[in-house]
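See the structures that follow.
Okay, so chain A shows up in both of these, paired with chain B first and chain C after.
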Partner chain A sequence: MVNTYQLYEKMTNGNILLSYKGDASKDVLSSMLDILESKLKESDVSNKTKKKMYNILVECLQNLYHHTDEPDPTIEIENSSAIFMVSRQTENFKIFTGNYISSNDIEGLKERIEHINSLDLESLKAYHKEILNNGQISSKGGGGLGLIDMRRKSQNKLNFEFHKVDEKTYFFTLEITISTNY
Partner chain B sequence: METLNIEGSTKTPEIELNQESGVLVIKGRSIPENSVAFYKPVIDWLSEYESNANENTTVNIQLEYFNTSSSKCILDLLKKLEAIHDSKSAVQVNWHYEEDDEDMLEAGEDYEAILKLPFKMIEVKEE
Partner chain C sequence: MRKLIVEASKTTPQIILDPIKGYFLFEGRSFPENSKKFYAPILEWFEGFEPLHNKDYKLEFNLSYISSSSIISIFELLKKVHKLDKLGNIAIFWKHEHDDESIRQIGEDFTKLAQVSLTLEAISTS
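Moving on, here comes the complex of A and B:
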């Protein structure tokens, strides 16, 4: 049994604003967005930082939602829930997300993020324009615009990892750092 | 043509498309999970507007936030207006952004660079 007080201390020392593990349903994600919006409102950071944070939070949460909304049929994990966490240090906010992903998709996703990370902000602006203008949009999402937007608005590289669960399934984690000093 | 009125919500913007005045307003937050479904009536209305366009069309976009799936829909609706610009209607886009919101200004400039439409960037004071 986990000691509740130890867990509480851990979350306090890690400056966790919110932490969630479970199903990424629309209602749950909307509630988390509301909670974080009110926490941001009360925080001492500039409006510019608040807006950047809110925008990136929306993209992160909707990414998780779209994975849950239409789970990949090749993933056979029984409880395919997601993780979502936000922390605040002096200089940075950090957003952490994690969800299951089919092994078929990791190569493509890895290439996309590495490409986005390799671009400077000017090239990223051009790349965004290209995808916005020519990319396909599904009923679900912005056709890859979300990751570009996170990178542009945070002006930081996206940290990511794939953890192998079994032959068909990986756990994909994403970490985004947003400066508190905009 | 009937005016299209959609009330705003915490996730979707207020919409008012008026053929008689030629004024189209999109205002508030646009962060729906399914943007394509939300913007469908707007795109449909604009398709009809193409053959009933007012001599002048003013598009007032004043968004506090919009997600990337909305950004694609907004481009689609502006492209509809681009198609009638000059030939059927003089279209003017007024892109509003809150002071210091450089990301929102930049988003407007991105659209301006893609489209052959006159844009005016309007700074609004924070509430």
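Moving on, here comes the complex of A and C:
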């Protein structure tokens, strides 16, 4: 039996603004964005930080949506489920996302994030332009700029992990830190 | 060419394409779930548009949020406009809030990449 009070305390101490586990449907994601928008409006951070946060939140939620919108047929487990969490510490916000991913996609994604993490902000600007110039939107509407944008706007490296679920399936987690100091 | 109006939604901008007035506007937020799908009819509209030689046109972007996939769609649109603007009578304005570095930067990138000249215009926020 889950102890509700313990869970409540955990969320309070971790300064969790919002936490969700479940289907990443369009409606759910859009309501979460609404909730976070109003929480951001009330918060004491600068407009610049609010805007950055909002932008990164949109990219994160759309990633989750595009991942689960057309489930990967190579994943056998029930895979439309995702996790999404936002916390607020004194100096920063943190956004956590997690979703199932086919083992076939791991290598490519890992390389992309590692490349993005290896670039400084000036090179990221150039890389963003390069992708934009050669970019093609996938049928799902994603353009390959999302991760670059998250890294640029947060000015922090993207933390990520792959957890093996079975031979064909991994769980991909992404953690983004957004400083509130500028 | 018929006038096209798309009402704004929570995630998509208001769009006015008025060939008689010579005025095109994109205003609000742009982060549709599927930007390719959302912008397809707009691209199609411009596909069939031919500017008149004795007329001036104004294309105005006043966007406060642009998702990364919208950036790609708007870039496609600008490339299309650049192609059909053989007479050079479509003036493009890219507005951004004065302290919004990232929207301004997107406009700058477009200028360099699409070879269109955008007039960047800082607006003050209330």
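Quick notes
In this section, the second predicted complex is superposed on the first by the 178 of 182 C-alpha atoms of A that agree within 3 Å, B and C clash if a C-alpha of one lies under 4 Å from a C-alpha of the other, contacts with A are read in each partner's own complex, and residues count from 1 in each chain.
Following the convention adopted for this analysis, contacts are C-beta pairs under 8 Å (C-beta built on N, C-alpha and C of every residue); 3 or more make two chains touch, one makes a residue touch a chain.
Because the structure is a prediction, the values reported are computed rather than measured.
The superposition on chain A brings chain B into a clash with chain C. Looking at the shared chain after the overlay, A:Leu132 reaches both chain B and chain C.
Of the two partner chains placed by the overlay, neither chain B nor chain C lies in contact with A:Lys21. In the superposition on chain A, A:Lys164 makes contact with neither chain B nor chain C. With both structures placed on the common chain, the touch criterion links A:Gln62 to chain B and to chain C. Note: residues 26, 30, 47-48, 51-52, 54-55, 58-59, 62, 65-66, 125, 128-129, 132-133, 135, 137, 139-143, 145-146, 148-149, 153 of chain A belong to the chain B contact set and to the chain C contact set alike, using the contact criterion stated above. Chain A contributes residues 26, 30, 46-48, 51-52, 54-55, 58-59, 62, 65-66, 69, 125, 128-129, 132-133, 135, 137, 139-143, 145-146, 148-149, 153 to its touches with chain B in the complex.
By the touch rule above, chain C contacts chain A in their complex via residues 10-11, 31-37, 65, 67-69, 71-73, 75, 99-100, 102, 105, 109, 112-113, 125. Those residues of chain A that touch chain C in the complex are listed here as 26, 30, 47-48, 51-52, 54-55, 58-59, 62, 65-66, 125, 128-129, 132-133, 135, 137, 139-143, 145-146, 148-149, 153. Those residues of chain B lying in contact with chain A across their complex are 11, 31, 33-37, 65, 67-69, 71-73, 75, 98, 100-104, 106, 110, 113-114, 126.
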